[in-house]
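Each of the next two complexes has chain A plus one more chain, namely chain B in the first and chain C in the second.
And now, the complex of A and B:
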């Protein structure tokens, strides 16, 4: 039985739920929503990193999810929960087709085509009449009875999906994913269909990205093509790198840290681009293991010095 | 017929710039395994320097051509300088680490985006014309300015091709990109070669930027459009391949010129993307890719 660290998850979830009840003002609620969605995006990006690929198409799948939610709600009158589920499924299905072509070569090819796919999808949104062209879609509202509970709902969905990805990572599937990352040739020799499992991993991550898109649409009520450019992927990457790539906790911490910090930075008048750019450069150059690495090395340093003190006594 | 010639000349002109761009990208990737998204910003800084400096020099009394050459040289120097800074403080530590170097380059992209916007403002600019009049080539009219710049770009691309194929530096660069360890065993000083290769690529982007400045509208975001298409060209040709980069750039420019004329610019961009996806179905690593 794998060690799922249930207590930490439960404590953190209680904390998050309490936070959503305590910060119920509209501004702080919107920051909480952004953090939850950002953490889900970071988790999704990191999940594909398990197979050693950098998924810049994530922005496209968030967009597909958001537009699916928009179409389902404003045109097809599909109920709230079903609309969210549809978004995830739509993103996941498209990612399977996209992945089964581009993941064959992987590496830089996958990365760069993902980037181009994001830009191509943006052109598609802004050229399609029913999607509102460049002005986007408006009036994507959750049901009225959700008014007071939306923040809580967003947090629960995001945490639930993050936990799901965590459980998969800890399971046998996670082992397969990591073995593909470490050496796909060896993995192939033991009879594992590498492309199949790469696509599975990618589809799960894209499902989460699609849901994140739908949540973003319901939180903001408005979506436009500009929201789903490659910057979205860059921000997700910043959360993962600043928080620390080695664990899913890093993605969550990175999202909390950068979203909150950028609130202050933007209030002080610094540009968003410069802020996130500097955050990535500093994280990559000076703290390779991110916040999580910093914390764990500090803890081990403290225990070490304590141990050596005890020895002396 | 006239129209076809006109479009072919446009293709040639766009492709010359894309070739300079994609050769730099493929060079850096081949030698150092670095996917450098900040490459577009070496290009942008050069173009920006030209559009800001040249009108100022003309006002100060320089003749247009002298002002252009002077500001172009300063622009190229600026591009090399930015390249040098990103190499020394960043990419040097990330050689042969594709994901790490890419993430770092994205950080640089955001940083430069912000800095350019702060220092140059968001407005688009253009420069006073350098050469007056139009020339007729096979019945297709083309402004003298465009023709001259097209010619300069083709000449640069050709010179670079010769350098890569004939010179000692060129063979060292190619040797490293084929097999780094074997090249080092043959006495190729890898660090020195990687450094010169990186600066050469940044300089190429600078030349491309200086050449594009007079014939297009320059904004601080100009690098982003070119980097995507430059990378698509490199993917088609196969990452690390020099002939591949040239063929890929010609292909992208062809679709852009002809598709753009008949169906509009954004449809052409979409077409390029879907053609690349279809192409990767048959050749997952591009035309000449092996790595």
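And now, the complex of A and C:
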């Protein structure tokens, strides 16, 4: 296998897991949950960006995951772990059908179809009796034994899936995905079935999105159609862009930054979204590589100045 | 040459229409094993369309296409490539944000699919060595000088070890040294790997030097085909195209 360097974000994540135990208060725990789920969403959106597509259908697959978990837990009495797995698999299977039809197009067309699918799914939830129509589903609880551990569990699952996406990206599958983004014609001419690999990439990302939806359902205990509108995809894009698109660490940093920012902004009521807008504008104008780019250019600046100082001495 | 052999690639009365425009018509083309065939013609003669027809990017509106003896009319580029025909493109025939290593590696992916990672890496390095790209394997392909980018795009195509390699103006923008070393590489690809080459090229001296046979296109129709020497002395060809040789 390839030499996977342990990325700095893995070390950093271990701190996050420890932090989840330290901040056992319910409010800080809920922020940690939100960050973990947001990071997973950002990771999933970014994963499809590897093949060069902006996946606005992510919100639909998060919704499918959340509602699958809701149905599995409240109606079918399926166990907690199996319910989470089912959510991922359901989202992934539906995404394969959706992807094999829609990924024949690309760019703005794919984005618009994803947007339409998200909105259509939202209407499906709000018109379906068993899914609680517009009021959604309630009582999606994890088992009682998990009360103290839910936060830790959520963080571990999210990090595990982010790590899975990292490994795939660094493997030769990642090379195929990026080559489709860079030049799908050349990829085609060396015998690679571009549509097949696009669907594979999409299905993996949707599996993660489905799991994120299930975790969100278990964390909040309540879901409603309004949670899974296209804004969810916009937020995920904001995490990716503000954090920096070049690595998964960017998705995690973006999620931390914007979720914490929105906690402070909650006091402003409906005005909180203005912070997302401002953060995106600042990121696009002043830090094209996001937080990750800012950090790495700062580090290289420090080492350079240090080296030149040492030279003078 | 080798006219008694079965051709690896053959087009029969291929035709491609774009609305009212007849871009290519009445095209018969055969590529025999171990041969380097030149496809020449002035700008707008239909060379690129022909390439797109042969590689499956455009389905023909008439005629038949056979690759490795099998009927491939209307098949997708991926299917045709899996039969052993791989092409390069005139512009941007590589993955600019990826390393040279990953670019060439991509070419090996389908042919060496499954659990053959080691073989893929070895094939990548062998290909890079042959093209003189070993020193640039870790560089990002998009920032390399033009000449090296051309070699990388040939590397991607050749890494899949095709039986038929279609090169779309591979010498454009190369200086004299680069062009002659590229020609040397083509000879090696043919000589050591028995790969047949279909070459579209504007550099007439190079084409005359390396091609066994040539097909001359004009207004989408083949007006002459044959050995380089015969083409050079063909009156019609000289009048529409080769007259430029004296100017160069």
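Definition applied: the second predicted complex is superposed on the first by the 303 of 313 C-alpha atoms of A that agree within 3 Å, B and C clash if a C-alpha of one lies under 4 Å from a C-alpha of the other, contacts with A are read in each partner's own complex, and residues count from 1 in each chain.
As a convention for this text, a residue touches a chain if its C-beta (ideal position, glycine included) is under 8 Å from a C-beta of that chain, and two chains touch if they have at least 3 such contacts.
What you see is a predicted model; the values in this text were computed from it and never measured.
> Tell me which partner A:226 touches in the superposition: chain B (first), chain C (second), both or neither.
Neither: A:226 stays clear of chain B and chain C.
> Once the shared chain is lined up, is A:108 touching chain B (first), chain C (second), both, or neither of them?
Only chain B; A:108 stays clear of chain C.
> Counting only touches as set out at the top, which of chain B and chain C does A:160 meet: first, second, both, neither?
Neither partner.
> With both complexes overlaid on chain A, does A:175 touch chain B (first), chain C (second), both or neither?
A:175: touches chain C, not chain B.
> Of the two partner chains, chain B (first) and chain C (second), which one does A:194 touch, if any: first, second, both, or neither?
After superposing on A, A:194 lies in contact with chain C but is clear of chain B.
> Does chain B (first) or chain C (second) touch A:274, or do both, or does neither?
first
> Decide which partner touches more residues of chain A, taking chain B and chain C as the two options.
Counted on chain A, the partner with more touching residues turns out to be B.
> Given the touch rule stated above, what does A:185 touch, chain B (first), chain C (second), both, or neither?
second
> Residue by residue on chain A, keep only those touching chain B in one complex and chain C in the other, then list them.
On chain A, no residue contacts both chain B in one structure and chain C in the other.
> Can you name the residues of chain A that touch chain C in the complex?
172, 175-176, 178-179, 181-183, 185-194
> Within their complex, state which residues of chain B touch chain A.
It is residues 29, 35, 89-90, 93, 98-100, 102-104, 106-115, 117-118, 228, 231-232, 234-235, 239, 266-267, 269-270, 273-274, 276-277, 280-281, 284-286, 289 of chain B that touch chain A.
> Tell me, which parts of chain A touch chain B in their complex?
49, 52, 54, 98, 101-102, 104-105, 107-109, 111-113, 115-117, 119-120, 123-124, 126-127, 231, 234, 237-238, 241, 271-281, 284-285
> Enumerate the contact residues on chain C facing chain A in the complex.
So the residues of chain C in touch with chain A come to 55, 57, 76-78, 81-82, 86-89, 92-98, 102-103, 105-107, 109-111, 117, 120, 153, 156-157, 159-160.
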